[in-house]
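What follows is a group of structures, each given as structure tokens.
Here subunit A shows up in two complexes: once beside subunit B, once beside subunit C.
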Partner chain A sequence: MLRQMRPTLVYALLGIVFMFAAPHVLQLFTIINLTTAIALAILALSLALIWGYGGILCFGQVAFFGLGAYVYTISAINIGGSTWAILIAVLLTSAFAAALGYFIFFGRVSDVYLGVITLTVTLIFFSLIRRTSGPEYKIGKALLGGFNGVSSPPINLPWDARTFLFPEQVFYVAMAALILCYVFVGWLVNTKFGRVCVSIRENELRSELLGYDVRLYKLGIFTIGAGIAAVGGVMFCNGVGRITPDVFNLYNAALTIIWVIVGGRGTLIGPIGATFALFYLTSALGGQSVLNNNLVLGVILIVFVLLVPKGVAPTVIDWVNRRRRKRPVRSRRRRRGRAEDAR
Partner chain B sequence: MTRQRGEVVVETRDLCMHFGGVRAVDQVDFTLFDRELRCLIGPNGAGKSTFFKCLTGQLTPTSGDVIIRGQEMTAAEPFEVASLGVGIKTQVPNVFDGLTVEENIWLSARRWHGDSRARSLTAATIERLRLGDIRRTLVGQLAHGQRQWVELGMVVAAEPWLVLLDEPAAGMTHEETYRTVELIEEINKTSALIVVEHDMQFIRMISRTVTLFHEGRILMQDTMEAISADPRAREVYLGHRA
Partner chain C sequence: MDLVVAVLFQLIYVIANLALISLGLAIIFGMMRVINLAHGEFLMLGGYTVVVATNMGINIWVSMLILAPLVVGIIGVIVERLLIRWLYGRMVDTLLATWGLSLLLVGIVTSIFGASTATTVSPPLGAVRIGAYSASGYELFLILITIALLVAVWLTLRYTKLGLLARGTMQNAEMASSLGVSTSRIYMITFGLGAAVSGLAGGLLAPMTGVLPTIGATYIAKAFITVISGGASILAGTTVGSILLGGINGIFSFIAGSTFGEIALLLAAIILLRLMPRGITGRFFRKSL
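Up next is the complex of A and B:
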């Protein structure tokens, strides 16, 4: 297990170094921006888990992200503190995913319809919450605010609702959340549960014929993925300071898929890296008016699907392995197999 | 005519599987005893694979019952059948192409054992099936016959008490086929088997009680010699090949 976890731990360590170095080197504005990117990276990680390892192509992963953000915001406003709100956001979102997943997996809905259903759920959230402007739409003390959204109370120290965190501190929390989620997922995909999920991705019937209840494993990984997306959502509304129904729009749903395609399925660091890269690319493009943002993303997607279909990270790993194989026998080491999957 | 060795382990009663107007399996009463090795033969389209899929939960029969070791398994899911301790190999190879040979087999052993026992069982199975040279190769990169062996390895690693094989020797070389026969004999020392096979050479090598399927029904059930000599059997099956 430790051998398989080694790449994961190396990246996690780099992440920790970055986490402590960044606030000393970067401007506050950049740090606040980074927090948003980190939140999106957690979302990408969650899809990298359930699609890249579980083989479940969920078109609506962003629904769990947005739901997590909304549940956090509404709970934090009502409770007057963030500690329980974070827990409630993650648990409620997971419970919602478990209920939805139960019908999908135990109903043996086909893969295509799974995509359609999850996307539809996302768009239903989008149009429902957009229509909630007006004083009558409130949950407890929290006004839903329609398309203007709700402003999210910042995270406070655990069990101390009066000490709010400053933006730099929220950055630390978000980065820590990303690293923890990353290590957790890196560990999970190497457990028996994770390996069975990968085997289901490879051949569902064979897993079933070995005696594994495929429905249960799929439900499990889907629910865990939703919980992680909710963590991302909580960090997102903290970074931005508010949550609006736009989080549920088609653009964001598609963007999540693009991160995983570009970064590479079957890796974790790939989609995380792709999220940061595309986040900064789109912000850079936002500052000019020559090229349309969506057009550039569309071109990137097409280029990757056609030229780098495996995504960046697996292509790089393949390339490195091929180079190593050409070197003298002495430097050859065991490298094929499970270790490749663990990055 | 069947060598009775104690309890009945597989039984079907009046089993029917109809696809629209096609009676792929029709009113089949079938019995398998513990430790028995049974071959199912019949021409292409006779309904062998459909019968096999009804036994393994891949298809839910139109009517009739499937009973495995006294348990009603008619509408069971494949994982429920496998979870009784039944090892299954399908006609079209079903393996994990993106994983190594070793991990394919480990996933089978791990279903029944903790990690360390699963690992030693995996190593033993790899040795037994002589897959050592390719243990770290991705199964998707192997030749057809080798993939069949990996699938057999997965069946063996689960240490099943009942083994169901659908055309295990399809696409194998002569040498591989011969070794498959050896493996089947070896498995039979501890488990009951049903082997679906099209290839007569193969069936002669195993040479046990043979059930002959024709148009979804059991036409005969006897030794291979008796079936070879029977004019009806010659007509529906052997005649095609002679």
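Up next is the complex of A and C:
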């Protein structure tokens, strides 16, 4: 186990170094931006888990991300502190995902239909919350605010609601959350549970005939993925300072898929890296008006599906392995589009 | 009495609207098992074709009924040749590639026409009186043309040689190709026709909704859900799916407002798919077209 997790731990260590070095080197504005990117990377990580390892193509991972953010914001306003709010956000989102997943997996809904259902749920949230402008739409003390969203109270020290964290400190929290989630997922995919999930991804029928309850495993990994997405959501609304229904729109749903496809299914560090790369690409594109954001992302998605279907990280890993061994690697014989489970 | 007729008219319009925006997607999905996520953008391109053509002084009927399907059909064929044909049999990859295409088309149109509505076209027909109430004549026209379109697709599939070859390819592509049918050509034509129907729908709806580069997003979810709920049969699926979901949408819109109508539609689709994972025509009307 430890041997298999070595690359994960190495990346985690690099992450820790970055976490402590960055605030000394970078400006505050960059740090705040980076917090948002980190939150999105957690979202990418959650999809990398359930799609890359569980084989569940969820189009609506942003639904759990956004739900987590909304639940956090609303309960933090009502409770007046962030400690319980974070817990409630993660648990409630997981519970929602479990209920939805029960519908999906125990109904034996297949790939494409699953994508449609999860996308539908996302769009339900989008149109539902968009409508909630006006004083009559509130949960406890929190006004939902429709299109404009709600401003999120910042994270405070555990059980000390008066000591708010400054943006710089939120960066530490977000980075720590990302590293913890990354190590957790890296550990999870190497446990027995994770290995069964991978076997279900490779061949559902065979796994079932070997005696595993496929529905239960899928439900499990789906729920865990949703919980991680909720953590991302909590960090996101802290980084941005508010949460709006726009997180649920089609563009963001597509973006999440693009991160994982570009980074590579079957790896964890790939999608995280792709998130940072594309986040800075889109911000750079926002500064000029020649090339439209949609256009660039569309081209990236098409090019990757057609030409680099495995994604960047598995392609690089394959290449390195081939260089090292000077002979064709075994993984090439495996099914197309599945990356070697190196990490 | 008049109220009942007026409400019923609205309900039928909602159903016809749903059928109209879904039909192009259903043709492509039913024939080729390709889920085209750029469907909404095909509708959007149809709308832009109409707006541009009428601004250039072309008669609105010509631009809606002839130019919009023609232009979008040609775009569809190009897309099939360049993109889709590399991905047959890889459903998930097609889904992702067409999603990329959808973003790309939104990007291109935004770059050319800008992010907001160019010029709107007003609906060309006046009002129709139903007793004490009046309804839009253009809505009546849309209902009629949707029915005509469904009949035309049915006639094409049932009675023409192309329809026969297409149905054969749909049932068993390998068998059809060993009998000398060029399945690749059939796929190209089908995709083009599906795109043309989408273009027509988009053109027809342009006067009702206006055109925006991102308007596809409002169509795609509904069309997608109708087709998947309907199941694999092109016509029966679209019709039954539209009647059921459109009916639910219409009734709930009438009771609680349009947003709740949409939400009821989406919830109904989720429950339906839980009960019938292969769609309605996966369980009933299996032999239908």
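The rule we apply is simple: the second predicted complex is superposed on the first by the 328 of 343 C-alpha atoms of A that agree within 3 Å, B and C clash if a C-alpha of one lies under 4 Å from a C-alpha of the other, contacts with A are read in each partner's own complex, and residues count from 1 in each chain.
FYI, contacts are C-beta pairs under 8 Å (C-beta built on N, C-alpha and C of every residue); 3 or more make two chains touch, one makes a residue touch a chain.
A quick note: this is a predicted structure, and the numbers were derived from the prediction, not measured.
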| item | value |
| --- | --- |
| Subunit A as common anchor, with subunit B and subunit C clashing or fitting | fit |
| Partner chain in contact with A:Glu208 - subunit B first, subunit C second, else both or neither | first |
| Touched partner set for A:His24, first subunit B, second subunit C, both or neither | neither |
| Partner touching more residues of subunit A, whether subunit B or subunit C | C |
| Touched partner set for A:Lys192, first subunit B, second subunit C, both or neither | first |
| First (subunit B), second (subunit C), both or neither touched by A:Phe103 | second |
| Touched partner set for A:Val305, first subunit B, second subunit C, both or neither | second |
| Subunit B versus subunit C as contact partner of A:Arg162, first or second or both or neither | neither |
| Cα-centre angle that subunit B and subunit C span when viewed from subunit A, reported as a multiple of 10 degrees | 80 |
| First (subunit B), second (subunit C), both or neither touched by A:Arg322 | neither |
| Smallest separation of CA atoms, subunit C relative to subunit B, angstrom | 12 |
| Common interface positions of subunit A, toward subunit B and toward subunit C | 337 |
| Parts of subunit C lying in touch with subunit A, wherever the complex brings them together | 35, 83, 86-87, 91-93, 95-97, 99-108, 110-111, 217, 220-221, 224-225, 228, 259, 262-263, 266-267, 269-270, 273-275, 277 |
| Subunit A - residues contacting subunit B, complex | 192, 195-196, 198-199, 201-203, 205-214, 266, 334, 336-338 |
| Touching residues on subunit A, where the partner in the complex is subunit C | 57, 103-104, 107-113, 115-117, 119-121, 123-124, 127-128, 130-131, 249-251, 254, 257, 261, 291-302, 305-306, 309, 337 |
| Residues of subunit B defined as touching subunit A within the complex | 56, 58, 77-79, 82-83, 88, 90, 94-100, 102-103, 106-108, 110-112, 115, 136-138, 154, 158 |
